[in-house]
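Here the chain labels run A, B, C, D, E and F in written order, and each chain numbers its own residues starting at 1.
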Amino acid sequence: MMSLFNLHKDSFKHGIHPPESKDDTSGLPIRQFPFAPVIILPMAQHIGTPSEIVVREGQEVQRGQLLAKANGYVSVSMHAPVSGKVCKIANVPTISGKMSLGIYLEAFPFSTQEVLEGNPIDPDTATPEEILQGIQDAGIVGLGGAAFPTHVKLKIPEGKTCETLIINGVECEPYLTTDHRVMLEQENDIFTGIKYLLKATGAKKAIIGIEANKQDAADHLSKHMPKGLPIAVKVLPVKYPQGAEKMLITSILGKEIPSGKLPIEAGAVVVNVATTAEIGRLLPHGRGIQERVITITGPGVKKKGNYLIPVGTPLRYVLEQVGVDQEISEVYMGGPMMGMAVSNLDISIVKGTSGILVFTKKDVDRSTTIYPCIKCGACVDACPILLNPSKLGILAKFEAYDEMASDYNLMDCFECGSCTYVCPSHIPLVQYFRSAKRIVRKREADKKEKVHA
Amino acid sequence: MNTESLGSIFLNAALVNNFVLAYFLGICPFLGVSGKMETATKMGGAVMFVMLISSMSAYGIHAFLVSIDAPFLQLISYIVVIASTVQLVEMFIKKISPALFKSLGIFLPLITTNCAILGVALFQTSKGYGFLESVVYSLGAGAGFMLALVLIAGIREQMNFADVPNISKGTALTLFIAGILSLCFMGFAGLGA
Amino acid sequence: MSIVIAVAALGGLTLLLAIMLIVANKKLFVYEDPRIDKVEDMLPHANCGACGFPGCRPFAEALVQGRALPGKCTVSTDEGRQAIANFLGVDMGAEEKKVARLACAGGTNVAINRAQYVGVQSCQAAALVSGGGKGCFWGCLGHGDCEVVCDFDAITMNEHGLPIVDQDKCTACGDCVEACPKDLFSLQPISHHLWVACKNLEHGEAVLEDCQVGCTACGKCAMDAPDDLITIKNNLPVVNYAKNHNTQVPIQRCPTGAIVWFNDDGEPIKGKESKKIIRKGSRSLGNT
Amino acid sequence: MLRKTLHISTSPHINSGKSTEQIMKNVVWALLPVVFFSIYSFGLNALLVIATATFASVLTEHVLCKLSKKKTTVGDYSAVITGLLLGLTLPPSFPLWMAFIGGIIGIALGKYIFGGLGYNVFNPALVARAVLQAAFPVAITTWHPAFLTDRFSTVASSVFTWPFMEPKFDVISGATPLSAFKFDGVTTSTVELALGQISGSAGETSAVIIILGGLYLIARNMMNWRIPAAVLLSAFVLSGALFLINSEIYPSPWFMLFSGGLMLGAVFMATDMVSSPITPLGLWVYGGIIGILTIVIRVWGGLSEGVMYSILLANAISPHIDSVIKNRVYGTKRKMKAA
Amino acid sequence: MSEVSNIAMQNPANSKKMLLAMVGIGIISAFLIVLTYELTLPRVQRLKAEALEKAIFEVLPGTDHTQAFGLNTDGTLFKIEEGDKSEAALYAGYDKGDKLVGYAVEAAGQGYADVIRIIYGYDPSEQILIGFQVLESKETPGLGDKIGKEEAFLNNFKALDVSVSNDGQLRNKVITVKQGEKQNPWEIDGITGATISSRAIGDIIGKSSMEVIPILHQNYKNGQNKMNSDEQQ
Amino acid sequence: MSNNDSTSKQKVTSTDEFIKGLWRDNPVFVQVLGMCPVLAVSNTAENALAMGLATAFVLLMSNILVSLLRNFVPKQVRIASYILIIATFVTVTDYAIQAISVELHKSLGAFISLIVVNCLILSRAEAFASKNTIGRSILDALGMGFGFTLALFCLGAVREILGNGSIFNIPLFSEGYQSWIVMILPAGGFFTLALWLLIINALQTRKVKS
């Protein structure tokens, strides 16, 4: 049936419509979250090299003070989210299960939590290079979830031009309302941020993409739009995964990003609204990131809401503060479609965390029977990349990984989970694809190694 | 003796009386080389080609044998000519494309001992076809062979990725599929009339 | 009369064809070293790739062309390799037998799981979900991908969900090395008796919380080992196999038994001071 | 302090709530009106034949699961569909023992040997029917008249033929509309066809009810609308073209659509997702092949009805369709050809 | 090593040997075959002739001996002597008293599976067909092959009307109708479940009789007029 | 495919040579050779038996001749020569059967001639007779021939019983038996052989287990 609706020009092909479940928190304003007694800051919070620690154990630091500096180009600096004492530098657990070097920061209980000022960057006079440097120094990474260092993304490669800056306010994941609240409450930061971004990328116009279920945010932004800035707000039909870079570009510009290429091929750069707002908020003061907006929700949470939480707050502390159901069984960081399950409550909130979901036993609707693929085609009709997840799934089951990659474009799958969501046979397709991709990458690396050797 | 049109000769040989599925000719390569689509198409092509050649040479030999009035030499002359021709083709392929030779492996010589090829020669004689009719007949038979081979190869490739129960793995499953295909081809009955 | 005609006809026909074949045979002859076929026949046809070639036939070609020695085929028997060597008149080029060794001893009786993994029962898949839920991030997940992938039935999962390698069956094909998402397997010459069965990069109590047989990086083995045989790097002992490693001294004082001695039957022997493991059942799940 | 053992699993953590079992159950619901109508028009005969075929299918599925020491898969309802559809394609006065054997063949030969649900290449119900047609051609082409007055009180004697014995048919009806057309050049009015006032197999006599069942499934997104659309469209276009060329020899396209098993086949049998291709374009091609082959066999072939063979042949082709016709993957240029 | 050199060496020298081997075997084969052929020929021919005779006797009851005829393009008959190779299309059957019983005509046409070859007997005096046999068919056993076995079907050919009208054409073309619907003497009652095969028989006979019967009829009339001058020699 | 007779230089007893064709290396059930006649003329027990014996005869004769001539025929014209030999005996058999019964000849149809191309015969000539002594070749031919006949008979019997309700044309059931026509059709040939293979598979897996 899907393809009938696909005649709609303003959207990408296929995709799904999971229940939005956003009503619980979309109306709740952002609230400040208390400081945890101990803040745990892993250095590997972003894609790329972990930051390099510049403080010692026992050192006292002030909120906003630099704790670690960028270690290379694809890396960012990190700032103290609270005033306090560095009590330990050791391995800390992360959501991937891997250990990462990190800082244990004991918060001063009665500190004013004044934030340090740094070198302000003036949007009107700064050069693009200065802005990019400022972004890196502020420790800004993609807050949409990928946590990719934003300054790397904004650097337009030689020979390419950026026509359009796309601000991603889509927030297509169910449950999450972070970006929604940011758009309603931090419009000025967003517009300032866009000013920086336009300058940094050299883009001629900016388009803010918002799904129709956040019409109020779109109206709000349009109303407060400053004069003279080339910004347009575009309201898009609701469909998952519209927030994904590729899909958003297709929806807004009607272009496709060639397989394996970056958005700049379509003359666009995509930045999340929260990231934009953060840039707009921090750069004028030369500050670094200390906190971010996170939606805490899900059937197992007592005090649902959108909170401004210091980075590094331990998950256990967060859950204790909001109160959770006795029967909690699964906790996710991120949304229900792409979020990661938490195996260890000792991990902490990182820059990329956009939401925390708590499900109890009875809410986890995981059918125990996995039927064989009946080739119903639901997944084919859902996959926004237009892959054939059914065939891929069967091949994965029989471990034909090379064939998956060579004949069925496995590597183009971006693990949005649409296929698994719709599969009536409850086949864990995405999981198959993730392992398959890992194995294929490993094999390719081995092959390269052999060639070199 | 016969009044069939060329089109119906072709259809009859390819579909209605498919050499593999209705006449049981060429079953060995049908079972043996149908595991992979790629080899199946190559084998099909090779068989088609050899069929055409042997049909033409059979036509010539038949005329020759009639002229010297020695019908009893029919079988033996057909088969040596076919065998030698195939061997020639084999050498030729080996020279031209070692890769192709490799992938067809032992089945190239087996084309010689492919019933379908001798079958075409014998049937065209017994049906009293003229030269053009013989050529069309052999093309039809070849196309039918190719079709059967390709169909089953596709299915067997898909079966590599199926939970086939142990007892029906291998030749048994292939035969079952062939049986069902043969039932399917019964649907074509009467089309060539 | 008909006899004459028949003989003449058939004789003529065969003459014609024979001439045709002879000519073709001369013109279209392709030389292929017949030894390749012979050698291929002598190989085990496992097509496993342990020899470093994509299959038995390419290996046979390489053998005939002198690009490889028969000893590379780990699957064949000694007699088999010798036969090939004799046939080609070359050296066998025997290599020391290698086997797969596992760098983990954390079965369910000694290591905890932090969270319960639900989903496809494969290590590959589980490893992608927060590392698989095992307390020790580096440890064996126990879903047995290695057991499945081993074509020679050399790996069996024991009752504590830990893979056990049968030295005799293992051909060092390396499939398990590739399969394990935690990179716990490596191919070791069989003479490497001294073995560190742990990959945990933590040290001290933090290790023991997750696994009773993990290496705490206490350094006793390094201290006892003669001639700097062992050094501690990244909280793990590293054996320098270039030195004389034929000594059981380093394992003796290991408090957890993380460093072991594989005897000739491939059974691990722990030092005297290592804590005995009595528990037969699984350790309860840890708390998250 | 918060202490709990968590469960971990991969994303996505929610799903659409649909299940295979639920889809199959709905197909059974959609089939039931067809079954009831055939019982209404053919009486006890149809009831017995359909029930036997269904029972045999389900029983075979269960026994085979037990024999291969697996959990029984009867609960997924797919065997019920196979049985019902097989029953619906048989003549109402078909001997029960043959129907029973059909049920066994459908599941054992059509499904089990391929690996069970999801792996069968051919439509199991049609495999069964094809075998029955080849084994007992007379019995399967001997039709029974509809709407006999005593249909709810008496059963045709052929129904209770002893196992392995040749049935004797007492009331033999006239031919089906298709064979009447093919061999005697008599056409039946489309209204009669649509309302089922004709003889034929149990399930092919009520086009309207079949269409309604199909619409229900399409509306619930449990069936791919492209297949019936493609089948019916291609059959209509081809027969329409022939009709325009010469309406003397060729029947009207409406007659073609509503006669025989085309409607049942297009709506319930060609749509068996397991044995059909998966990409949208592939589905159109598949449906087109079925429609065209059906008309070709009906018009030029030796048989009067070709739906079953067309669907089976298309089943055989569908692995090829899948490997040749792929979606154009996002961000790539052309369709990928099979390697 | 010896094997290796052997294979490499084998190639050039032995063209002569190849020639010899093949031609030698060819000649031996030819001898063997001819021998068997000559030995079995008489018996095979006898058996074949018997089989044909049997078929003719079957379709022309009361026949004692037969005579093969060929059909000229201009529609006249010519005799085929024993041993002539050319294809005979029809046979005349005579009873003990050399009286013409009728003609047996061979015909063929497409059936359900493949070509069906039949022979039917024509009684020129009554202008009816009096017998029918299937010579060769690949029709489905148990179904299509009823055309050669089923009593009821064969009974159609006891007296099938093929009378010739005054314009020298058949009055009614022979045709198969559905079982139980035979109403006219020139109709064949079909077989349920083997409709296609039985119709094929109708078509074959219909077509063949349209061509042959008028000629035979003419010949018969002429022959009677001429007091069978030809045949009584 | 063909077992490696050529390389197995171990002692094989004569009985082994004979028995292997019957069961262990049965040409039909194990080697899956000579399928065309197996499927095509196994629709009745009688045809199957006749075909099997005819094939066995040709196999025997050609094995003998090939073995006799094995040192005389050069490699390059091997196949052509062997085929000549086989074709000779097939022609001989063809005429012999015609002389015995025209009916039988008709029902076996072209498949008598097609014995020439029966993969079994050539593969035995190639793989065995061309490398072994006459004595062994005879035993091999007998074993394979009878194995082939046995397999054909297994098929023919099932197909005739189900498809016709009779065996060797003797009706087995009372009047009114419903014959399963599919068994006589091509599809039935495939199915029957597949069923036999299924049974053999099942037996073997059971053996392996126990």
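Here is the rule we use: contacts are C-beta pairs under 8 Å (C-beta built on N, C-alpha and C of every residue); 3 or more make two chains touch, one makes a residue touch a chain.
Being a predicted model, the structure only gives us computed values, none of them experimental.
Visitor: Check every other chain and keep only those touching both subunit C and subunit F; list them.
Guide: B, D, E
Visitor: Count how many hops through touching chains it takes, at the least, to reach subunit E starting from subunit B.
Guide: 1
Visitor: Which chain pair is joined by more contacting C-beta pairs, C-E or E-F?
Guide: By the number of C-beta pairs in contact, the winner is E-F.
Visitor: When the centre of a chain is set as the mean of its C-alpha atoms, what distance in Å lies between subunit A and subunit D?
Guide: 48
Visitor: What is the distance, in whole Å, between the centres of subunit A and subunit F, each centre taken as the mean of its C-alpha atoms?
Guide: Chain centroid spacing, subunit A to subunit F, equals 70 Å.
Visitor: Taking each chain's centre as its mean C-alpha position, how far apart are subunit A and subunit C in Å?
Guide: Distance between chain centres, rounded to whole Å: 40 Å.
Visitor: Counting in whole Å, what is the centre-to-centre distance of subunit A and subunit B, each centre being its mean C-alpha position?
Guide: Each chain reduced to its C-alpha mean, subunit A and subunit B end up 60 Å apart.
Visitor: Counting only residues that touch at least 2 other chains, which ones in subunit B make the list?
Guide: 22, 72-73, 76, 80, 84, 87, 163, 168, 172-173, 176, 180, 183, 186, 189-190, 193
Visitor: Which subunit E residues touch at least two other chains?
Guide: In subunit E, the residues touching two or more other chains are 18, 22, 25-26, 29-30, 33-34, 36-37, 112, 140, 143, 196.
Visitor: Which residues of subunit D are in contact with two or more other chains?
Guide: In subunit D, the residues touching two or more other chains are 4, 6-10, 109, 115-116, 119, 131, 134, 137, 302, 338.
Visitor: Could you run through all the chain pairs that touch each other?
Guide: All chain pairs meeting the touch criterion are A-B, A-C, A-D, B-C, B-D, B-E, B-F, C-D, C-E, C-F, D-E, D-F, E-F.
Visitor: For the complex, give me every residue of subunit F touching subunit D.
Guide: Touching subunit D from subunit F are residues 173, 176-178, 180-183, 185, 187-188, 191.
Visitor: Which positions of subunit B touch subunit F when the two form their complex?
Guide: So the residues of subunit B in touch with subunit F come to 21-28, 30-32, 72, 75-76, 79-80, 83-84, 87, 106, 109-110, 112-115, 117-119, 122-123, 126, 166-173, 175-176, 178-180, 182-183, 186.
Visitor: Which residues of subunit A touch subunit B in their complex?
Guide: Touch list, subunit A to subunit B: 372, 394-395, 397-398, 400.
Visitor: What does subunit F use to touch subunit B in their complex?
Guide: 1, 32-40, 79-80, 83-84, 86-88, 90-91, 94-95, 110, 113-114, 116-119, 122-123, 182, 185-191, 193-195, 197-198, 201-202, 205
Visitor: Mind pulling up the subunit D residues that touch subunit E in the complex?
Guide: Subunit D reaches subunit E through residues 137-138, 141-142, 172, 175, 179, 183-184, 302.
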